Structures are given as structure tokens and as C-alpha cells.
Amino acid sequence: MVNEIDIPKISQSHLFGIKNLEIDDIKKILDLANFFKSKNKEKNKNYPLLKGRTIINLFFEPSTRTLISFEIAAKRLGADVINVNIERSSLRKGESLHDTAQTLGAMNPDLVVVRHGTNDASKQIAQIVKCPVINAGEGINEHPTQALLDAYTIINHNKKLEDLIVAICGDLEHSRVARSNYYLLDKMKSKVRFVYPEYFKPKDLHKYNVETFNNLKDGIANADIVMMLRIQNERISELNLPSTQDYFNQFGLTYEKLKSAKSDALVLHPGPINRNVEIEDRLADDIDKSVINEQVENGVAVRMSCLSIMVQ
Amino acid sequence: MVNEIDIPKISQSHLFGIKNLEIDDIKKILDLANFFKSKNKEKNKNYPLLKGRTIINLFFEPSTRTLISFEIAAKRLGADVINVNIERSSLRKGESLHDTAQTLGAMNPDLVVVRHGTNDASKQIAQIVKCPVINAGEGINEHPTQALLDAYTIINHNKKLEDLIVAICGDLEHSRVARSNYYLLDKMKSKVRFVYPEYFKPKDLHKYNVETFNNLKDGIANADIVMMLRIQNERISELNLPSTQDYFNQFGLTYEKLKSAKSDALVLHPGPINRNVEIEDRLADDIDKSVINEQVENGVAVRMSCLSIMVQ
Amino acid sequence: MVNEIDIPKISQSHLFGIKNLEIDDIKKILDLANFFKSKNKEKNKNYPLLKGRTIINLFFEPSTRTLISFEIAAKRLGADVINVNIERSSLRKGESLHDTAQTLGAMNPDLVVVRHGTNDASKQIAQIVKCPVINAGEGINEHPTQALLDAYTIINHNKKLEDLIVAICGDLEHSRVARSNYYLLDKMKSKVRFVYPEYFKPKDLHKYNVETFNNLKDGIANADIVMMLRIQNERISELNLPSTQDYFNQFGLTYEKLKSAKSDALVLHPGPINRNVEIEDRLADDIDKSVINEQVENGVAVRMSCLSIMVQ
């Protein structure tokens, strides 16, 4: 059973970000995800490619969907999964990221999945452990599996990743999701737009080959894909934000504003949603427009693909 | 090995409460539990009926015994088990019950076990996820697996569930355990008594076909079964309760008061016990009277039975 | 595959401490660890001796390395593993250690691993549950698997456990690691020294057959093994400690001070390290001197050995 499918190799031994991936790497990951997506609809969802392997989910920030998605992916692949909740760990006793990684690395894991608040945590950890590392969201750098599952979701709606107009909208300053999606779509020769209020202007804007807009309706005009971002309240401290109602009026996606995009435009959101802040309540649940739940479902398949490819 | 035993079907696709079960459903669940109880005494406790299935324990309230009981039950059945500790989850970031359920549901679980503080959480969640839901205690509504394991424990002591006199005693107002036990025993044509101090009078008393008592000794007179309830301190806010010593004097079960029940009466308690508040210390540990530990042991077997039946 | 190796029996049915072990028991545990250490370097690290067995990790104190080490060990042996995080458990609702143990014991575990702040917690629990108990660190009593993995690490560097000079240095008063190592090395006829500042003088010093020193350089003179202890800040309350800089100057291990030991002396530390407090930063990472990471790696193998032997 485990030989039903060939697991491809990619150019990288770690998954730090989309930036380092070749187009061919991305295609291999998305192709393989198809197999797991159909597996996940069967009664028996186990496909024990990673039987006997140890995968550590090392999460320094709270998370439901990403952690659980990785945990389910690894378990369905038959791996032994260890969740390290850093809030009740030795870090309390003052141990550094370096020493935590060294300790975990010494236990011979086959892969470490990392979420952390700083921009190069996954690279730091990869220099210490002797196994592949997957970045599951770090600082405001990248969140590559999110971009891969977004791309997979787009393809599943019969859209090629090439030549799309993609509007990424909202808190561009703090969004690792935006950055990973940018790198992926830019590699694929799609046009990326950053649409944000001035107070969310990304400080590293010069690095991106994007059109920018400060008005949502203009920013999504004629777009194939409208990606709404979460307002990362937990990362904002000093900002004087408008009220959520004002934000919604200006930058919340509504049916009305969406008319400006292509008629078959897809609405994505990485979740969790702030309803009636980033997106109109009903629109978030409208399966003719929004693919938010598909993103979550595809996330498990895409992560099974990534885990299978990285652990070989 | 997995075919040693037939798994029956019941009338319900979710286990929201005892209220909706047919007598025959209850009997099937309790019958099958026998098989798992003996399995659980073997060295190899695995019976991988649910191999490749994903079970999510979604607990919004703290719990040791119920969560661990479900976790052990699911693992012994070979399922992949995901515990969602909502305290470190995205709910912190403001996500609603609805969106949490939608996210988890999108990951293709085969069953979701729910504990929540509101009375219809499991039904709400079942409307969102596309798999069976088991209520593991919600609000002051029901806690069906507790009533099933209590019934199983009673049967194991050679008592038929029919024609018993069962006194349920203590904090009737806040007890979902009491309600589930009431529905089960009433269906079985046993006589249920609610025994409580006035300040614990259930607001929905009119719904139940019970005799009521405000005095413990009178309430348990001639009873076959004495079910003591936990005082749900964590749910009480505005009440002016007596001291625990006063409560014990009036409503705590002692050897002395127990003389009023049948001589072979069984003492049950869903745990965790407040010793010398709800029940005399020594009596709680007296295995000639109290079956509290058996309840815990039977809980795993009964939950294995419920999981096997619901996930098909 | 499961019959590749014979699992020996030892004289004890619980692993409360090194004190109760026979020399032969220790040798059997360390011998078997060799097998698992090499297994842990393979791709497939599963060796399902404990398939179908239920192991509960009952941790009342926070821990990363010990908990994860036991969790990985048990999972690689194929057991169903339940982590009980007591901070979100029923103890919140006022349940005692006794009742927690009784509840967990009723679920038919095959082994319980206990970490607790009091000196006889594992024995207390063993009186209640009907399965083997392993002490994973309790109070200031013992932490036997740490001493076993330390001994294993020493042997792996071609040193026999006999006739060594071993200096155990730092917070002797609060260290269960020191006590377990003392019992092991004393049994093996090695010479143990306790090296500590006056304010860390162990109150039970009279029980140990040791030389004592209040000066680090003197204490480690000509030593084969230098074991640095963690300062258990979390256990210290009333002490007026010097600054960490003063502590480091006096009792921190540096290259300079280490010259006083044998030229091939091994430096051990149970972790997590307080860098530049107990040990010089660079020295901790110097793999020609320090074996701290090997200790962690060996910990998994030694615990797999202990679990295999205790669960039979």
C-alpha cells in the first residue's frame, strides 16, 4: 500500500519559505497533495509512509488550525507526533531557543515543524537539529504551507496559477501569509497587488514586485483572487487603529465591494476570521464565493505532501 | 481479530443525550461494553476497529477523567486522536464556536467529542461538522456517557435497570449527570428521586417524573442506588451556600445516613469527589458500598463501545 | 522483529529510585539501552514491544526534556501514551493526588510515569495503581532515569563505572539528580564528591558516603567526571543567593577551572543549562569536553530500556 505512489524529491532539504523553492518544487508538492486529499475522504485515512518516524511540532505561539493540521497530517502518515507547547516547557526555567532546539534535536527527530515569533527561527533551529525543518509561520517572514494550500485551493477551482490577478488585502505589514503567497504567485507569473490602509503599509515594500492600493474596491478591481488577511491584533501594540466598524467600512470585504472583482473571483482567508471586520459574515460562509473551508481541508493534504517529501 | 465481534447500529447518528435514545440503543451500547471491559484487562488492550480514523476531543472546559477516558478509549481502538485544548487555541484570538467547529470539521474527522459550558453545544457543532458528535458533558443539559457507564456499573452488580429506586442527591440544579441518569432510568421504568437542599432545586423540575426530597435520609430510604453528585463550585456564582461542614452535615452521605437505604445499596459518584463534603471519606473508599472506581474503569469500556458504534 | 532481543527481568517491580536497585539491575538496564540507542538512529525507530499497552505520563511539575523523552520512548515502543498535564486537570477542582491516582489507576494503565514535587509521590501512587510506576523526578529524593542515562553516557566514553572520581557540583541541597547519581556511583564503588557553596549544603549530608568541598577547583581536582547541577531556582524561596555573576565566578565551571580535573574528564549537566551561571557558555557546547547532548540522546534509549523492562 505504501508503494501506491512515488514521493518526489525537491531542491530543498528544509521548507523555510516559498522564496527558496523552484517552480518545479511547488508543482511536485501540489501534485502529491491530490493523492492525500482523496485519501482523506476515505474511511481509513492512514497512509503510513512515515511509520516509525518522529515528528516534533514545536510551537512557540498559540495556534489551533496550523498545529492541528500538522498533527493530523503527521498522524495520518503514521508518524509518532510530539507536540511541544512551549508555554508549559523549560523555557519557563529560562532555557533559550538554541538549547531547546539542541535538546529536541538530540532525541533524533525525523522532522521538526516550527512556529515562532521571530523571522529566522526555522533557520536557526535547522542549524542545530540534524533533520528537516518546516516553517509553520515565523515572525513576519513566511508561512509557506499556507501559501501552498492557497495555491492548491486556487488550482482546484480550475484556475491556473499563471496570469492571475491576485489582490492581497488588509494587514500587509504583519502578514507572513501575504509574503509567502507573494513569492509563490510572483514565481508563477501572476500579478500580485497589495491592498492596505496606510497604517498597515509593509516596511519592506520595496522588496516586492507589486501594485499597491489604499482602497479596497480599486485594489480588487478585475481580480481573479481576493485574499483577505487576518488583522494580527496580537502583534499590534503601538498602533492607533480605527474602530473595527470603521475598518470594516473601509477595508472589510462585502458583497457590494466584491462586485468590483471578476464575477468568478475566489475569496480566500487564512483564518481565523474576524467576522464583520475583515469580511462580511454571510460572504465568509457563501460557498459560491468563499473557499475558506476548502483551504482548511486542503491544508491537511498539502501538509501530508510536504511531510512526505521532506522526510525521506 | 477485528471481526471477533459485531458492532451493532443504533437509532441515532449522534450521541447528544440519553433523552433521544431508544431502550434498545442503550442495551446495545451496554452489551458491547462487556467485550471491551474484558479486553481492557488483557496485556494487549488494542482492538483497532478505528484504525485510520481521526477522532477530535474538543474540550472547552477543563476535565481530567472524561477527557482521558475518551482519549484512552479512542487510542485502544486504534484511532488517531487529537486533543483540542481550547484554552491555548484560536479562541483566544476571538474565533467563535461556530468557526472552530467549521475549521475542525473541514479536516475530515470521523468523530468529534465535545465538552462545553452551553446546553446545546454538541447539536450546534453537529450541524457544522459532517461526522458523528458525542456530547461529553454540556452546560446543565446532558452527559450521556456518564449515565451509560453508571447503568453499566449497576448492571455489573447484578441489578437490573428496571424497577430500581434510585436517589440522585445533591446539586440537582447544575448537574448534567443527574439529567442523563434520570432519562436513562426513567426509560427503564425505575423510580428516580431527586434529593436536594432548597438552594439546589432544579429550575426545570417540572420536566421530570420524580419524587423530590429535601432531606437526605428520607430521600435515600429504601433506595437500591444512591447517586451522589459533585457540587459544581465552578458553576455557582451568586449562591449563598452554607459552609462545606454544614453541607456535609445535612447532605453529605455517611455510613449512618446510608443505613436508611437498602442494605445492598450501591453508592455512585461521578467524581471528582469533594471528600467529607458530598460523601464521608471512608465510605467513598469502601468497596463493599461504593463503586466509584468501577465507574471510572467502566467508563473506558462504555466509551469504546460508544465510539465503535457511532463511527461506522 | 519484536523477538530480536530478550528483555531481562530486574529485582524491582517499580522504579522508585536507584537506591533500591541491585548492581545487576543497573547493568541489565544499561545493556538493553544499547539496543535502543542503535534503533533510534535508524529511519524506522519503532520497536513495538509495548503495542497495545497504555502508558500515562503524570507530570505535576513543568518539564520539557524529561516528559518528551518519556513520550518519545513510549511511542517508539508502540505504546498508547497519555500525557496528563495536571495544571489543566481536575486538581483545579480540588481533587487530591490520591484520587487522581485512583482515577487513572482504574483505567487499567500498564505503567505510570510520575513527576511530582514531594519526596515519596511515586511510592504513594504505586500503592494505589495496580501497575508499575517510574519516578521521573520527585521532590529532592531521586530521579533514577537521569542517573541511569548519566551512567550510560559515562560508559559510552569507555569509562567503567567502577573506581571513578566523580565530582557532583552546585545546588546539592535541592538536587534529586545528585542523589540518584550518588546511589548509582556509590554502588559501583566509585568515589563521589559533593562540591557546593555553604548555602547549598544538603540537609541530609550524613546519609552519603562522600568527600565534600566548598571550592570548585579543589572539588574537581583529578576527577574523571564533573557533573554540574542546575540551580533549581524554582525550588528556592528564602535563600539569599549571591548574584548569578558571583555564583559563576565561584561555582561556575570554566575551561580554566576544568584544568584541575583529569585531562580526559567528562562534563555532564542534566539540563536545562543556565549558561554562564553553572557553566561557561563555550564549554557547554564543546563536544570534546561536554557530553550534555549525548545525555539527552541516551535518555531516550535508557527510558525505552526502563519501560520495556518494567512493563512485562
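Each chain carries a letter (A, B and C) given by its place in the written order, and its residues are counted from 1.
What we mean here is this: a contact is a pair of C-beta atoms (placed from the backbone, for glycine too) under 8 Å apart; a residue touches a chain by one contact, two chains touch by 3 or more.
Since this is a predicted model, take the numbers as computed values, not measurements.
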item	value
Degree value of the rotation bringing chain A onto chain B, based on Cα positions, nearest 5	120
Chain copies touching (chain A, chain C) - same or different residues, decided at half shared	different
Inter-centroid spacing, chain C versus chain A (mean Cα positions, whole Å)	40
Junction residues of chain B, two or more chains touched	none
Chain C to chain B touching residues, read off their complex	51-54, 56, 80, 82, 84, 88-96, 99-100, 102-108, 110
Of all residues in chain B, those that touch chain C in their complex	40-46, 62-65, 68-69, 71-72, 75-76, 85, 87, 233-234, 271-275, 293-294, 296-297, 299-300
